[in-house]
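As written, the chains take the letters A, B, C and D, and residue 1 is the first residue of each chain.
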Amino acid sequence: MKTGFIGLGRMGRAIATRIKTAGHDLIVYNRTHDKTKELAAVGAAVATSIKEACGDSGIVVTMLSDDAALEQVAFGPGGICESSRKGTIHMVMGTHGTAAIRSAQERHAQAGQILVSAPVLGRPDVAAAGQLGVVLAGPREAAEKCRPLIDAVARRVFEAGDKPEHAAIVKLANGLVLGCAIEAMGEAFSLVRKYGVKTDVLYDVMTEGLFAAPAYKGYGKIIVDEGYTNVGFTAELGLKDIRLILGAAGAEHVPLPATHTVYNHLLSAIAHGYGGKDWSVIAHEQAQEAGLK
Amino acid sequence: MKTGFIGLGRMGRAIATRIKTAGHDLIVYNRTHDKTKELAAVGAAVATSIKEACGDSGIVVTMLSDDAALEQVAFGPGGICESSRKGTIHMVMGTHGTAAIRSAQERHAQAGQILVSAPVLGRPDVAAAGQLGVVLAGPREAAEKCRPLIDAVARRVFEAGDKPEHAAIVKLANGLVLGCAIEAMGEAFSLVRKYGVKTDVLYDVMTEGLFAAPAYKGYGKIIVDEGYTNVGFTAELGLKDIRLILGAAGAEHVPLPATHTVYNHLLSAIAHGYGGKDWSVIAHEQAQEAGLK
Amino acid sequence: MKTGFIGLGRMGRAIATRIKTAGHDLIVYNRTHDKTKELAAVGAAVATSIKEACGDSGIVVTMLSDDAALEQVAFGPGGICESSRKGTIHMVMGTHGTAAIRSAQERHAQAGQILVSAPVLGRPDVAAAGQLGVVLAGPREAAEKCRPLIDAVARRVFEAGDKPEHAAIVKLANGLVLGCAIEAMGEAFSLVRKYGVKTDVLYDVMTEGLFAAPAYKGYGKIIVDEGYTNVGFTAELGLKDIRLILGAAGAEHVPLPATHTVYNHLLSAIAHGYGGKDWSVIAHEQAQEAGLK
Amino acid sequence: MKTGFIGLGRMGRAIATRIKTAGHDLIVYNRTHDKTKELAAVGAAVATSIKEACGDSGIVVTMLSDDAALEQVAFGPGGICESSRKGTIHMVMGTHGTAAIRSAQERHAQAGQILVSAPVLGRPDVAAAGQLGVVLAGPREAAEKCRPLIDAVARRVFEAGDKPEHAAIVKLANGLVLGCAIEAMGEAFSLVRKYGVKTDVLYDVMTEGLFAAPAYKGYGKIIVDEGYTNVGFTAELGLKDIRLILGAAGAEHVPLPATHTVYNHLLSAIAHGYGGKDWSVIAHEQAQEAGLK
């Protein structure tokens, strides 16, 4: 089955390359044509419009940066919805809000199309190694059809349910837990610093004990080193995700008080000009509030 | 060198047993005499008073439940301070507040005695296996003298600094991070539940990914199972620790907004009668606030 | 100058009636025709479409319930923007978000029209008595042209600046202060109740002292009486306003931690089925969390 | 009946002077002798020890700065408890924690003495004018005996209950509401400033409307003027009170999330060196966190 792929940022390129090299018949599109070269080099067809990418594809994959891009690419003029046949599956691999996913699902359904949500866990280098986690949700049959594509990039697939929003909310919830872990480290490191303890002592205690996990090892290291210019994920992007989380929670009346502290520190960080730093810079805000230099 | 050991709760017994069986000359004391039997059985001397346990010991270890117990045992009538010689080292292995540790250090110093703080990371069964983490702080020479005892129970020693409060604050900060991790899980699990997703999907995503660590595996499991009667650490004890953390932070003017959310949920849990449940019952409070049953 | 008036809810009717009876040439429109009767009775012309209400009016006033209604009425098909001449002033009297106001201003400007924002302070009965506070902002000349209409309903006009969003943000900020006052009362009343003190003692202390003001007298009374069915403003509407506040704050990176506590309690209240109660029902949530019945 | 009065700070002097000039037989004591002169000048007897002030007094009044001072003056060597006869009434007029009041009550009871709590509402100049609010609680008969003294300084007496802690908690709860009002203003003023609105617009809206009360007029003015050196009550003292509030709430398991935001901002303010500024300087912290200069 032919597959269209739209959105060739760093993550999109890594995923599309895996899919193509796994032997799938792939046609790619990106607004900025330049980014298609890498895919052309591995033999993917390159479309010059969304319409062309969708034309006779049974599955169209998107990896887009935010809800606005999804709205435009899927439902704008010349977008996926109007360019695809009935029965086409749109597999959304970006991180999106539950409202955006629900709305997309409904409009695709009206056009006789099917939405599957398959947000990914991991960075582009993990994708390139085919080691992503993928959360998968949508109507069972459609989700099954997407599996071969997902298997090209995934170490593990987490089946979240039969509504696309099920995958979206799991991905957001995982981000919530991460934001709170970083906030907690910001608080904890500030606390020990005020008592004159070197932060690497706490780092060792955490990461060799209860918190021997990538979230703490990776972000903890950045905080200990105050290496916020070592950007994995910017504060601006962190804010975008936390907004999706708070939005999804608010819509279902779930209070998230700890997540709000993450949100507030992200706002402060950006207000202070650190929007382009790694989002663990919220630990720096915490330190400032405690009077540390 | 003879060692006194005071405080034979579950953790104290496990540690004292390891120390004795490692070959140290040990005399133990507990307010409730009954709990000394286990130690007598492995050959420890049993004192009938704190005074007797301190008499000619070079090091007196305490493993006590709270600051009030430390105050009474160390500085009450017939306590460690008045029962010990000059030069005696008091190694505190319990979790205590920084103010209590500082105050104890000062009063011991006035009596020519030395305080070393060596709080432990791990449960009694971990202690029994000699696999504890121990955070160690105090004057270097005194701390070194304590090492053979610590080595009998520790997998790893984290040297935190030359003031006893350095170890205390690291232990508290680690607890802060744990409290926030549980709070974050409470928020995240409530969120996915409101969207109709099974909690074990999120559990798998977390514990096979960024959060593949004991804190999330252990407490996450309790929350997923709503198994709050499976008590590792009660809400009442959790509240005691969070109070020590907030107290230590407040004394040095460190705001801890996420930790306050943990505190508030613990208060609610206890107000609702769950003081004796596992402290991850704060996730239940979070679920209640979101309108979940 | 002829004036169009769209949106005849309780507040809209009260304001429009004052404007008409002050002698202005008024044509009114409401989606539900029934609500125009009261205005017809005092001599207002009644339009059967937005287009008719705008036709040759120099000023078109709207009093709408939310941003979605504003979007539709002003910029939907047959809406104010396409139905009005160049130079028409659209005076928005509802409470709207700053983003909605800014967006409306820009689109009106593209059509050669002018937006003035004039949100009101007070309930419908206060409007009927001509005793509203009105916050006014927009280009000076246009704002001046609106003054005679405003004078028909206002006790006092607060000039907030030359951009319409200036008035919107002041109205929202005032609501923020109110929400926090109610939250504070919820916390304070729960606290004294737990100590066995009657809530009216605290009520008297507050309202005869530092807090001798309508916000405390009115909402404090509801809380003391637990009279949340005595609805001035529902929890659902309160949530709508708090969302506008948090949205406006987030857009400019202003952290509002106390306001988040109001938000969280509103979410809980609605999750527990109290969306239709007075929004001071957040005090009930606070009491619940403290274990009070 | 002879009355002893201990604690002649600014507030203590104002109250004692009113009591003496109302015709009561008064003997005063202050640790720093100098501050007794003002009272000697109006005819009060001056004691050189607590013992002398208590000797044959039926009521001993204290106006002390904190719980530690109360502990020392009432229960230290040569303190009120051991210096007074059975049946003596100790009327505490300072602001104290509920735990301190309860503990004092119990120890006085063991000595056959009675504690009455009568914290005051208002500043020293209000006391000098006899216009204080006084919250009164304690055993009815003893409280009645204190009334003539209170009537010398009070505009209004609020009877809170028959346990002394009833008055203490009402006074603390009133402070909670005030702290939250200041926090709310900090948030609201930051918000309008970020949108380019002058803060006095919001000040006028608040203080001529829902918030036409001393708390908003007084503290709002300081915030608008950024006049934090105009100190009514320092951030350090504010922190002391908020700690009493949080302590009293925590003891009864009442979560106070909004009050925690006040606490956190006070900690930050003091960490930044503003402990001696007016406690409304928390609005300055809020502005900083929003990136305002």
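The definition used in the following text is that a contact is a pair of C-beta atoms (placed from the backbone, for glycine too) under 8 Å apart; a residue touches a chain by one contact, two chains touch by 3 or more.
Here the structure is a predicted model, which is why all the values come from computation and not from measurement.
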Any chain in contact with subunit C as well as subunit D: A, B
More contacts between chains, A-B or A-C: A-B
Longest centre-to-centre distance from subunit B, chain (CA-based): C
Mean-CA-position distance for subunit C and subunit B (Å): 53
Centroid spacing, where centroids are CA-atom means, of subunit A and subunit B in whole angstrom: 38
Where subunit A touches two or more other chains, by residue: 249, 253-257, 261, 264, 267-268, 271, 289-291
Contact footprint of subunit C on subunit D as seen in their complex: 98, 121-122, 133, 135, 156, 158-161, 163, 165-166, 169-170, 172-174, 176-181, 183-185, 187-192, 194-198, 201-202, 204-206, 208-216, 245, 248-249, 252-259, 261-262, 264, 286, 289-291
Parts of subunit D lying in touch with subunit A, wherever the complex brings them together: 257, 264, 267-268, 271-273, 285, 289-291
Subunit D residues within the subunit B interface of the complex: 243, 249-250, 253-257, 260-261, 263-265, 267-268, 270-271
